[in-house]
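You will see chain A twice below: alongside chain B first, and alongside chain C after that.
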Partner chain A sequence: MTTITARASRGALGRRLRGERLAHYALLAPALLLSFAIVLVPAVATAITAFTDWNGISSSPAFVGIENFQEILADGLFWKALQHNVIWTVLFLTVPVVLGMGTAVLLLTRRRSRSVYQVIFLLPYVLAAVTNALVWLNIIYNPIAGVVGYLKDQGLAIESPLANLDTALYGVAAVDMWHYWGFLTVVYLAALRQTPAEQVEAATLDGVNAWQLFRYVYLPHIRSTVALMFVMIVIFSFLAFDYVYLLTQGGPAHSTEMLSTYAYTFAFATFQFGKAAAVGLVMGLFGLIASFVYTFVSRKGFDA
Partner chain B sequence: MTFRISARWVALPLAALAVTAVSGCSSPGDDASGRAPLEMWFWGAPAAHQEALQQNLVEAFNASQDEYELSVTFDPDVDANIQTALAAGEGPDIVYGSGPAFVAPYAQEGKLVDMDEYAEEYGWKDRILAPMYESGTVDGSLYALPNSVNTLGIFYNQAVLDEHGWTVPTTIDELVEIMDEAQEAGLYSSVTGNSGWQPVNENYASLFMTAVAGPDKIEAALTGTGSWTDPAILDAVETSRDWYQKGYLGGDDYTSLNFTQSMQLLADGQSPFFIGPTLAFQFATDYFNDEAGNTDDLGFTSFPTIGEGLASPLYTLGTTASFSINAASESPDGAAEVIDFMMSQDFMETMTAEWPGYWGVPLSGVQLDPTEFDGLSADYVATLNEMFASVDAGSFGYFTATFFPPQTQQDWINIDSVWNDVEDPEAFLQQMQSDFDEELAAGAVPPIPAQG
Partner chain C sequence: MTLSRRIRRPLALLPGHVVLVALAITALAPLLLVLVNAFKPRQEITRNPLALPTELDLSGFERAWQYGHFATGLPNSLLLTATTVVVVLVTAGPAAYVLSRRLIRIVPIAGVYFLMAMTVPIQLFLFPLYAAVARLGLLNNVVAVGVIVAALNLPISILLLRTYFEQIPDEIIEAATVDGASTVRTLWHILLPIARPGLITVGIIAGLNAWNEYLITSTFLQKQQSLTATLGFLTMNGTFTTDQTAMMAGAAILIVPVAVLFLLGQRFIVDGLVGGAVKG
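Entry: the complex of A and B
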């Protein structure tokens, strides 16, 4: 009798577990389906397209091997765009990171007002890119009616940075960094606040200065966040498109050409989707490398 | 007390949700009134112009028959969205295109309807200016009709000219002299710019090809009987570079100005000229109008030729957009009816009165009476009449967006690399020749109407 009861109990348990497992799969299904449909399928399609001469319309593209890659690698504009993406990455790994981290550290001591500051700093990030771009184009960089125009009227020999081949890239990056650094501030502040208060108090009682407090108490605790943001910045930098397209479309004279605008022109101006996909793969490669580095470092542990 | 969700009650709704999400919408079919829906996408024109199109096309067409119900969606990214939709076998019934050069790849892939039968039914071939009709053909069949001719010339502010004792230039020397004096007077020589739209560059590439190299050289290059490295075309590129560097194209602000701002500066008396396409008439209405009391100040004249032996005036022939029929349309007959509705003198007159610059429908033998139009529309109509006569006589230049294959067109858009000394003109044209040879071999060059 005991055996029968135990078996019945195990059977009920098994059914319940199977039911729960089914529920878990069902709950997971929408996310998996979405990921499959909008991430995996396009990614595989892009990878395949990169080896074809698809014009974006044809239903029977021809396989061209590595021809698309050979052609873009032989194109000086590709290397120019790549160089711009590297500069962009370096800029984003320094300027907004330093600004965001510095501001986050300062906000740590503003217990009552930091929420207000966070909202203010985050505003450009939550506004649409097209809104930010129009504000900068018409109110800041405009040489007739904007801030640049006003300074010109005051007798300063100044021009819109977007008009000069040497400064256009930095002019565009400045707008994108302006929109992005507040986000970093909020992320870093959230991470910094996870640092145990007793450790901060102990270090303070030991008489450390501000730099030592940051370097030896806060930084070890936020290292994983810093590393994650590092990877995200590298990925986003090689995908940068919206502000470049909205502000300069890669001009003047390709001075702000990025891999994304380079690919966009292939796809939507000259009907060379195969080449555009090849450029897309190269763009993704850099993000992939950054992701591998992140995964490798994560596995080893950030404290190691 | 614990609450346990039964797997069945979770799985079923989620499965239903997933099926609903991936199944999409059902076919639209006829609307409640029994009319078949017709859809057209159009660029994101200013509100007043959208209203004009809504009233004079959508409402007028829907009132003219009881079989179809037309609707128009205004979309700032219409070019890219149309391409994506067509590639997917979707999209609107009436396909708005950025020009005939856009049409060929889609026609060759069977994404657009061969409109030869409709052309015969509606008599389009006889009604449309021959070069414009031809520009919409692919392998001899009609796939697109242009909504309007577009040419390049000089908008001028008569008040500024009068103030400085200048007259409307009729020769290139007169034009250059005024522009130099304007610079000395602290004005822009002329205003224009490509802010927000890099392809503006091709306006000036086209302009200098016509005015310096001349249509014969360009026709030869486009048909493969000549070369893009021809000295006359090289001269055109170098002249455009010189003009850019001398500040004749928007001064230092070419990359910061767009057509709207340029027109505003012209109206404000900051420049005597705005060198640009006739489609810019549509932007002029905001700054030259009866309310401002300066409607009569705006004038338009042809751009004088520069090349030796070239006749003047010489108009660069182009189109603002084109209309085709989507092969996936369930109502191609209705779409053809809408296109025919637009290819009429009535529609041209109505739209030109309210939206000058964008609806110079290329109707053969039509000469509108400028005195029947008010304000800027009268100027635009006068320009159209001159241009139509010139095209009918077989004398016209070739606009890149209308007659050039995609990669060659893109190369011309990149002419600012020459203007900024990033690339030398010879290398620029050699690359052009190389790209063009590939496109010619691939059959990507649109039909090139011959000179008369």
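Entry: the complex of A and C
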């Protein structure tokens, strides 16, 4: 009698568990399918398109092998764009990181003013790229009715950095970094604050100086966050688009051309979707390498 | 504490204060210039963009509203943002729950897939996506673009929500399961109320991203009727560079509401920005 009941209930439980498992797949499916439709399938299509001469409209694009890649690698502009992405990466790994970490450490001991500074530093970060870029373009970099124009009228030898081939890239990066660094302050500060107070007190009682306190007590605790931000900055530096396209469209004379604007021009100015796809694929390769590092670092960060 | 120490401590803090104040001014100055110049006649801006207005000229706002197409742009931006937020919450919420409990075998693969999808360059899928959307006749369709923006926000949303779900003790879910509640009922009646702060945070971050979006919206929305508020404002650039008053008024229309909402919801925004980067 008891065995029969047990078997019957096990059958019912089994059915229920199977039903639950189906429900779990059903809960995961919408997110996966949506992402597949918008990201994965088009990404695979890009990988195929890169080997064709597709113009975005024709229904019978011809297979051209690695011709698109050969042409891109032979194009001086591709290498120039890549070089700009590397400069961009170096700039973003230094200026905002130093500002972000410096301010985070300063705010760590300022309990009362901390939240006010956080809000101020973060404000440019939450505003739209379009708004930020147009504000800088019109009221600061503007050589006639902007701050630059005003200083020129006062007799200063100054010009819009965006108009000069040697400074345009830095002029664009300055706006993007102005909008970005406050984000790092907030992230670093949150990480620093998770350092156990007892360890900080113990070290302070031992009479360590400020640098030793940061180096030996705080830094080990925030290392995974610092590493993660490092990888994210590298990834997003290779994808940088918004501020560049809004401020200069890659000009003047390609002095701010990046891989992203280079690919965008192929697709939407000259309708060479095959070539655009090839550049996209190269960018994807950089992204993929960084993604692997990112996945590795963040998994380690989550599991540690 | 002796007198000299009491004086020395504030003095030691002084360089730090100077740095913080200088950086705060740097962060705010461009935005303050917008507010100062939005109310000045254009000749006054050309003469000195740094000076305070001598009279209040509100005509810039009228011109900005008209030529920046804000009357259609703001409703379009709201529709886009609402679509993105709803789609993100409805799809990312259940997915994050499944991922947080490692309930089925494909969870680790799905987790890695979403991590990779987060860092894939938009240019890797933009061009075929554009062709497909064009063929479906969905160019200039704000809701369709809202769904695309939602798909791009899925990975970070799932990652954030997963950490919220992971904080819920297993016992609560087990208790519900023993009582005979189905997965869907557990999710709806027990987990949803607990995860509400997480859902609000994710909704705000996804909404902010949708409101601020540029690359996707500018590619897929090109007819004047379908422009978002930021894209409408963008059409003023170049043609209106001589009318600085209107440009600054347009910028103010975009900056002030976001700044106010940011001040009100800063706790959630900071949580959401930090949540993906700092382990809780």
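Convention: the second predicted complex is superposed on the first by the 288 of 304 C-alpha atoms of A that agree within 3 Å, B and C clash if a C-alpha of one lies under 4 Å from a C-alpha of the other, contacts with A are read in each partner's own complex, and residues count from 1 in each chain.
One rule holds in what follows: a contact is a pair of C-beta atoms (placed from the backbone, for glycine too) under 8 Å apart; a residue touches a chain by one contact, two chains touch by 3 or more.
Model, not experiment: these values are computed from the prediction.
Colleague: Overlaying on chain A: chain B and chain C, fit or clash?
Modeller: Pair status: clash.
Colleague: Regarding the shared-chain residue A:27, is it in contact with chain B (first), chain C (second), both, or neither?
Modeller: both
Colleague: Looking at A:169 after the superposition, I want to know if it touches chain B, chain C, both of them or none. Which is it: first, second, both, neither?
Modeller: In the superposed model, A:169 contacts neither chain B nor chain C.
Colleague: Answer with first, second, both or neither: which of chain B and chain C does A:268 touch in the superposed model?
Modeller: A:268 sits against chain B and chain C alike.
Colleague: What's your read, chain B or chain C touching more residues of chain A?
Modeller: Touching more of chain A: C.
Colleague: For A:58, is the partner it touches chain B (first), chain C (second), both, or none of the two (neither)?
Modeller: So A:58 only meets chain B here.
Colleague: Which holds for A:139: it touches chain B only (first), chain C only (second), both, or neither?
Modeller: It touches chain C, and chain B stays clear.
Colleague: Applying the touch criterion given at the start, work out whether A:251 contacts chain B, chain C, both or neither, answering first, second, both or neither.
Modeller: A:251 contacts chain B only, not chain C.
Colleague: Using the touch definition from the top, say if A:127 reaches chain B (first), chain C (second), both or neither.
Modeller: second
Colleague: Tell me which partner A:159 touches in the superposition: chain B (first), chain C (second), both or neither.
Modeller: A:159: touches chain B, not chain C.
Colleague: Looking at A:97 after the superposition, I want to know if it touches chain B, chain C, both of them or none. Which is it: first, second, both, neither?
Modeller: Touch status of A:97: no partner.
Colleague: Could you pull out which residues of chain A sit against chain B in one structure and against chain C in the other?
Modeller: 20-21, 23, 27, 30, 37, 56-57, 137, 142, 144, 268
Colleague: Quick one: in the complex, what on chain A touches chain B?
Modeller: Counting only chain A, the residues touching chain B are 18-23, 26-27, 29-30, 33, 37, 55-59, 137, 141-144, 159-160, 162-163, 165, 248-254, 265, 268-272.
Colleague: Taking the complex as given, what residues does chain A use to touch chain C?
Modeller: On the chain A side, the touching residues are 20-21, 23-25, 27-28, 30-32, 34-35, 37-43, 45-46, 49, 56-57, 99, 102-103, 106-107, 110, 113, 115, 117-132, 134-140, 142, 144-147, 149-150, 178, 182-183, 186-187, 190-191, 194, 224-225, 228-229, 232, 235, 238-239, 241-242, 245-246, 259-260, 263-264, 267-268, 273, 276-277, 279-281, 283-284, 287-288, 290-291, 294-295, 298-299, 301-302.
Colleague: Enumerate the contact residues on chain C facing chain A in the complex.
Modeller: Result: residues 16, 19-20, 23-24, 26-28, 30-31, 33-34, 37, 42, 45-46, 48-50, 87, 90-92, 94-95, 97-99, 103-104, 106, 110, 112-117, 119-132, 147-148, 150-152, 154-155, 158, 182-184, 187, 208, 211-212, 214-215, 219, 230-231, 233-234, 237, 241-242, 244, 247-248, 251, 254-255, 258-259, 262-263, 266, 269-270, 273-274, 277-279 of chain C touch chain A.
Colleague: Considering the complex alone, what residue numbers of chain B touch chain A?
Modeller: Contacts found on chain B: 5-8, 10-11, 14-15, 17-18, 22, 79-80, 83, 86-87, 105-106, 109, 111, 194-198, 252-257, 261, 265, 406-407, 409-410, 413-414, 416-417, 419-420, 422-423.
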